[in-house]
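Below are two complexes that have chain A in common, paired first with chain B and then with chain C.
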Partner chain A sequence: MLQYLAKRFGRSIISLFIIISVVFILLRQMPIEGYFPNYEKMTDLQIQNGLEALGLNDPIPVQLGRFWVDLLHGDLGESITYRQKVPVTEIIAEKIPYSVKLGSMAIVVSLLAGIPMGAMMARYKGKWFDKFGTLFIVFIQAVPAAVYYLFIQLYGTIILDIPLMFDPSNPKSWILPVISMSLGNIAYYGMWLRRYMVDETNKDYVKLATAKGLSGNKVFFKHVFRNAFVPLIQYLPTSFLNTVIGSIYIESLYSVPGMGGLLVQVIKKSDNTMVQGIVLLYATVGVIGLLLGDILMTVIDPRISLSKKEEGR
Partner chain B sequence: MANSIKNHLAGKLEDALTEDLKKKASSNYEGLSDEELFTFAEYNSEEAERTGYSNYSYWKATLQVFLKNKVAVFLLIVMGAIVLFTFIQPYLPNQLDPNLINNNPMTFMQYRNVQPGELPQFILGTNSIGQDLWARIWAGTRTSLFIGLAVAIVEAVLGITMGVLWGYVRKLDFFFTEVYNILDNIPQTLVLILISYMVTPSIQSMIFAMCLTSWIQMARFIRNQIIIIRDRDYNLASRCLGTSTFKIIMKNLLPYLVSIIMLRMALSIPAAIGNEVFITYIGLGLPSDTVSLGRLINDGRELMMSPDLRYQLIFPTIVLSIVTISFYIIGNAFSDAADPKNHK
Partner chain C sequence: MEQNVILSVKNLHLEFNLRGRKLHALRGIDLDVHEGEAIAIVGESGSGKSVFTKCFMGLTDNNGTITQGSIMYNGLDLAKLKGEKDWLSIRGGEIAMIMQDPMTSLNPLKTIGAQIAEAVALHQGLKGAALKEKALQYIKDVGIADPARRYNQYPHEFSGGMRQRVVIAIALACNPKILICDEPTTALDVTIQAQILQLIKDMKAKYNLTTIFITHDLGVVANIADRVAVMYAGDIIEIGTAEDIFYDARHPYTWALLSSLPQIGVKGEDLYTIQGTAPNLFQEVHGDAFAPRNPHALKMDFVKRPPYFEVSPSHKAKTWLLDPRAPKVEPPAVLEKIRSGGLIHGNK
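Up next, the complex of A and B:
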């Protein structure tokens, strides 16, 4: 197991290296106008000096090398256009807490609502609760999030009498963003848990348990549920870690000063250092989430083993 | 202790069953001679030909099961009608151009924000600069469906080919996993911006940008499925008998996956349409003279705060929702129908 983890960790580092290098090279293909807010008024000399100061005149491998050396010293550089001369880490550290707080709350809410929903739907398959739940899931999937978020904000603020905009000091204003963000996940957890539980119900061990006289609820929640939940466990760490990405719709609707939309914004402003920093963060989070998910799965279900020797072909 | 009781009970049960069987057998055939009990079957060449014949055809059975799902068939007809109508709509009489800004011939003012049904020539009203919403919705549906369909086809072809290789050929696993990590982490925004610098943004460049990174998701999905069935006994047997890899993939692996691939494809059409809405939202969408559902919804969002203009958001949302629900339900029904376990 340890050997497997070490190997996988090493591979992840290589992946991260390649990802950042590819993004780095892609970023260098962007037109140079983006680096200077007042490009039209600048003389050729000023532009050359500006590029020199940003270190963009060196060949790409040299720039890439410099970036990696700085990174190993924990230095991600300073923002170029987004907030000039402010270290990237400082900007990100300022914004992450908002997104993580809202996102984690949304995931907790969606787990608390989605799992009972999926379980009940599978338990009473074909009954009115199942039909009602399916209707909800289809609705959430069909109506674009951008649209129902708007309606929630519009009517939610009126009905509950809470402020329209997000305010960190007023917990009431957190309710609507959290609910909006969790709706999609409630549908997701509900849909997949139902699917997995229904599949699991047809297995032999369930028939045996019923045959030997266990009560329906006991079979369902002690046996079926625990087995059906394993595939979902794998996504849990990823979903919690992915909250650093933030929700672009929600955060712009309620003007939350979080990470949502930051990446899009800095790419549009060709703020290379910011883009590199954010991509590195997202990629790291993605790789760690996958690894944690796999480990968690082996802990929950001891039959799964990651380091199993695969027979060769 | 418990075991001995069980054995005892089982023994008792067996005795009772044998007794019962004997009684049944003897009651029917008692008093018959051997000749009456056994007669030779006559050889009939026609009968012999018929052995093992079944008129089962996979696709026919699939179609039959699918047609039994009334809701799915209804939605399929609705979708067919929508697709057909997006094509014939421009040729119907009295249709306006989706980009034409309509002026009032009396006052020479634009017909701004005409409510649905207020004027006979604008069935669904007009937008804030006097363009006909009816024409725009159909033009937008045409564009969005085209994008969705094109992306789904490219994803299917590339994704299935690469996914099968990734899953079946162990040596390629490392390589593809690396490609996946990279493509999954390159921001779509960056790709879209770079492409828009290289070529003028158009439907084609949008489809290209969407496919560039999304096929790997399909490939990963296929790969996971392939890995599950790769070493099942029937595949091992084929391999041992020397069947070529290509034939195993075409005859053993892919037919097994038809139902899930179909479902995945049906869902990737609305996903691509939704992605277009998102891309338009972040400001990298199609040029403004190409109408799409994404553009209509984003135009509508801006007018959300005034209740009497909300129709400009609601109409395109309804069309998008119908398309999504239809593909979702048709995909699920077809996937169920394509599973031979559900055939009679």
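Up next, the complex of A and C:
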């Protein structure tokens, strides 16, 4: 197990290395205007000096090497245009609490609503609750998120009697972004849990459990539920990340001073150091999410042995 | 043997509703199961043998309804039970079942100890150390070595034969009076089959069980059954002791089944096959359901469904051939080989 973990961890690092390097190299292909806030007014000499000062005239492998060395010292460089001369890490540290808080709350809400919804739908398959749930899922999946996000913002703020924009000090203003972020995940969890549970219900071991004399509810929760949860658990850590990324739109919509809006802004301003810093963060969370998902899976499902083949039957 | 009837089925009809069409799966079955016996129900696929026994446990699919008849068990008519609550008092504790495929009938995420203990807790009300003790006892009973270690293992760590032993342990842990074995050896290889059959026999003796075997393997039947019921198209067309059926069969379908046994074929000759296909149970069957495939069919067979004719007190068959007015038809000569070949062995 430990050996496997070390191997998996090593591979994750390699994946990250490749992702970041590719992003770094791609960003170096961007027009140089982005490095200077007042590019139009600068002379050629000023531009050359500026590029020299930023180290951008060096060959790309040298730049990449320097970037990695800095990164290992915890230095992501300084913002160029977004907030001049301010370290990227400092900007991210200011913003990240909002995204993490919103994302975590959204995940908790999605789990609390989506899991029972999927379970109930499977339990009462074909009854009104199932039909109602299916309607909800189809709606969320089929309608572009932007449409109902806007509706929630417009009517939610009226109902709750709060301003359109996010205000961290007002607890009420957290509600709408969290609900908006949760809806997609609620539908996702509900849909897949229902489907996996229905699959499990038709398996032979469920028939045996019933023949044993277990009541329908016991069979459902002691046997079916847990087994159906296995394929979902792998997705959980990644879905946390998706919620943070998915919040790009919602954070922009409510002007939340979080990470999501930030990426959009720095891309618009061609602030390369900022972009690569944020992408590094997202990539790291994504890779870790997958790794955690696999580990969770082995914990809950004894059939999956990650280390070398154990002695046979 | 003492003829104490433990389960009595009378004129049982079961219909499945399949997208508005009615499939008449069981067509008026009568059967008395005697306490302590091993009875085998044989028949080809689709003859209704599995569905028949599922009626005893309320495990038929939702679209199946018992339209007529009764299943009397302990003064209770199982055909009338509706709610899950009523069935819970029967399932496991009174009648338990062993399923066909041991590879899929255990929960892959629970240790086999937990799965056996679950049944013990449910039906014997034990807790804690006593519960584990008892569960370990069952693991040992079914011949699994090193119970303490095996208790904490998962189904995927067991072979097919071992898993079937676990399934049997679960059934025993329910402490039932009747054990239904639905093709318990079909999914196992031949060497394991014999072991599992022997195990069921041993457990039957140890726990005073009445066993109902469902199988299409006449070799299994010869090995384990006191009595044999032959099913065709949703009805039992011949029933008798194993000797009655193997040595003195009267129904042409039973003859055909026995003639198809590889053991009695002549080397180098094609195996006997029954021509035609089983009747479509979506349509009403007139006369003897086997008549269209029966080379010995009388005109009467196509017109009127034959009643049971008694051959001996233990042996009866539904065929007009047994009517005193019917012409004499000799069973196929090849069946003589069963008697000389001593197919029935190991029978107690």
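As a working rule, the second predicted complex is superposed on the first by the 299 of 313 C-alpha atoms of A that agree within 3 Å, B and C clash if a C-alpha of one lies under 4 Å from a C-alpha of the other, contacts with A are read in each partner's own complex, and residues count from 1 in each chain.
Operating definition for what follows: a residue touches a chain if its C-beta (ideal position, glycine included) is under 8 Å from a C-beta of that chain, and two chains touch if they have at least 3 such contacts.
Nothing here was measured: the structure is a model prediction, and the numbers come from that model.
Superposition of the two structures on chain A shows chain C clashing with chain B. Contact with neither chain B nor chain C is seen for A:291 once the two complexes are overlaid on the shared chain.
In the superposed model, A:5 makes contact with neither chain B nor chain C. Residue contacts after overlaying the shared chain place A:120 against neither chain B nor chain C.
By the document's definition of touching, neither partner reaches A:198: not chain B, not chain C.
Look at A:213: by the touch rule set out above, it reaches chain C but stays clear of chain B.
Comparing chain B with chain C, the partner in contact with more residues of chain A is B. In the superposed model, A:71 lies in contact with neither chain B nor chain C.
The superposed model shows chain C running into chain B at a single listed stretch; among 45-53, 81-89, 135-143 or 225-233 it is 225-233. In the superposition on chain A, the residues of chain A contacted by chain B and by chain C overlap at 313.
Against chain A, the residues of chain C that register as touching in their complex are 57, 59, 84, 88, 90-93, 96-97, 99, 101, 104-110, 118-119, 122-123, 154, 156-159, 162, 167, 170, 174.
Listing the residues of chain B that touch chain A in their complex gives 170, 178, 181-182, 184-187, 189-191, 193-194, 197, 231, 270, 274, 277-278, 281-283, 297-298, 301, 304-305, 313, 317, 320-322, 324-325, 328-329. Listing the residues of chain A that touch chain B in their complex gives 14-15, 18-19, 22-23, 26-27, 29-31, 138, 141-144, 146-147, 150, 154, 248-249, 261, 263-264, 267-268, 275, 279, 282-283, 286-287, 310-313. Residue ranges of chain A in contact with chain C, taken from their complex: 203-205, 207-216, 222-223, 226-227, 230, 300-303, 313.
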